[in-house]
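Going by the order they are written in, the chains are A, B and C; count residues from 1 in each one.
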Amino acid sequence: MSVERKLESLGLVMPDIEKQYRTNPTGARFRSHLAHGNALYISGSIAMKDGTRYMTGVLGKDLSIEHGYEAARYAALHCLGIAKFALGDLDRVTQALQLIGYVNSADGFSEQPRVINGATDLLVELYGEAGMPTRAAIGCHGLAANNSVELVLTLLFSGTEVRSPLAREKIAAAR
Amino acid sequence: MSVERKLESLGLVMPDIEKQYRTNPTGARFRSHLAHGNALYISGSIAMKDGTRYMTGVLGKDLSIEHGYEAARYAALHCLGIAKFALGDLDRVTQALQLIGYVNSADGFSEQPRVINGATDLLVELYGEAGMPTRAAIGCHGLAANNSVELVLTLLFSGTEVRSPLAREKIAAAR
Amino acid sequence: MSVERKLESLGLVMPDIEKQYRTNPTGARFRSHLAHGNALYISGSIAMKDGTRYMTGVLGKDLSIEHGYEAARYAALHCLGIAKFALGDLDRVTQALQLIGYVNSADGFSEQPRVINGATDLLVELYGEAGMPTRAAIGCHGLAANNSVELVLTLLFSGTEVRSPLAREKIAAAR
């Protein structure tokens, strides 16, 4: 079964990355992804669902571990949305190489791994062993727009064609 | 116009990286940069101006977003100072691959992207599309000497010659 | 003198990485390491001594800089334990490429570099110049199980054989 079919069977809908990159509330300039050799670098990704930010808040204050787990799952889906845009086919992903998961954490919260499990569990459900990256789960102090989780993921892929990255361009009025 | 001429026209003066690496208040041992293939890894860089740290403090407490933006701009200039030292010519940079921007953040501050925009705006002013990296903007909880922003930047470059990195060596008395 | 002999002469005992990866209190799924070309990516590593977590707590509140330094030293030893598992021989390490050191920091703590020096000092004691990586020292807000330091290290190595990474698999009952 293809990775996209597996996503469907899990009831997960790929986010509309192009639509998302057309909005730019902070006037930022960066790209969705860049390939270097057969490594795909993906920009910091947050949880989106139905086109809006999902499960925002601070772990250990506003959100339970289960909420954070869900946020990490959807943030990983967001990464996969970019990978799909870049590679055309999610089955071209050969290995999740590195995942750094930042968890927006209240004072004293130390369950970052159980939160980031939401991301790695999804990757393993889809890719098996190839979905198990090297990983770190770090408590951070604030994320854009009060997001709860941000993932920085690097994937390895087969083949050579990579679609030009989406550019989040500065919007004059935004700053 | 060369990248260095563009920097001049923006009124920006490249930091003296060699002088900076000769001082070592924390007795640290690390290098300014290392090349791996055609990727240049640059050590965490903070804002310097006229040889001293610039715009120190915590976002959301001591500093406004505009101050943080300025700090990120100068931290990016610091990265470019290292790239100039390493590559000899800033026009050898072919792509900004990945930028992780850490913003020293007070409780509840969530405008990290608008701060890190100071770095990516400068890169785009100098390099156009090639200056747009993949990016993450992360709120952190403390940086060396109360710096407000620290950037970890990886660049791609053309050609093969790379100058030996500056080594920040341990100074016995420093610890 | 081999790197392992140097470790012995420093009185440092390599952690039992295999034993450690068999336990999985948070039900996480990730790998100890992955090789990409001649770069070895190592998962976020914390301080272990005699099979248990070592020097836990928050810098600037529970722990002194000296304690944090010690934690960083043992976290680097943990990384080397993974490198030994992966490469068979620590003398195959040719360069420490990048070290991102996260320091669990109390409000106002800004001595992250003096903490992470514990890691880079050990690498330099063992490898000389080749042990000096590019580096960043970042204050974070919470780490798994109240660990004080977490390191994300990338090494370059010679030769081609790399042992299959240890997988921290999910344990059904753990979540």
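Observations on the structure shown:
Assume a contact is a pair of C-beta atoms (placed from the backbone, for glycine too) under 8 Å apart; a residue touches a chain by one contact, two chains touch by 3 or more.
Since we're looking at a predicted model, the values are computed, not measured.
Subunit A maps onto subunit B through a rotation of 120 degrees [Cα fit, steps of 5, range 0 to 180]. Of all residue numbers seen at the subunit B-subunit C contact, under half occur in both copies; the interface is built from largely non-matching residues.
Distance between chain centres (mean CA atoms), subunit B to subunit C: 25 Å.
Subunit B has residues 37, 140-141 in contact with two or more other chains. Residue ranges of subunit A in contact with subunit B, taken from their complex: 26-34, 36-37, 41-44, 102, 104, 140-147, 150, 152, 165, 167, 170, 175. The touching residues of subunit C, when paired with subunit B in their complex, are 37, 39, 60, 95, 97-100, 103, 105-114, 116-117, 120-121, 124, 129, 132-141, 156.
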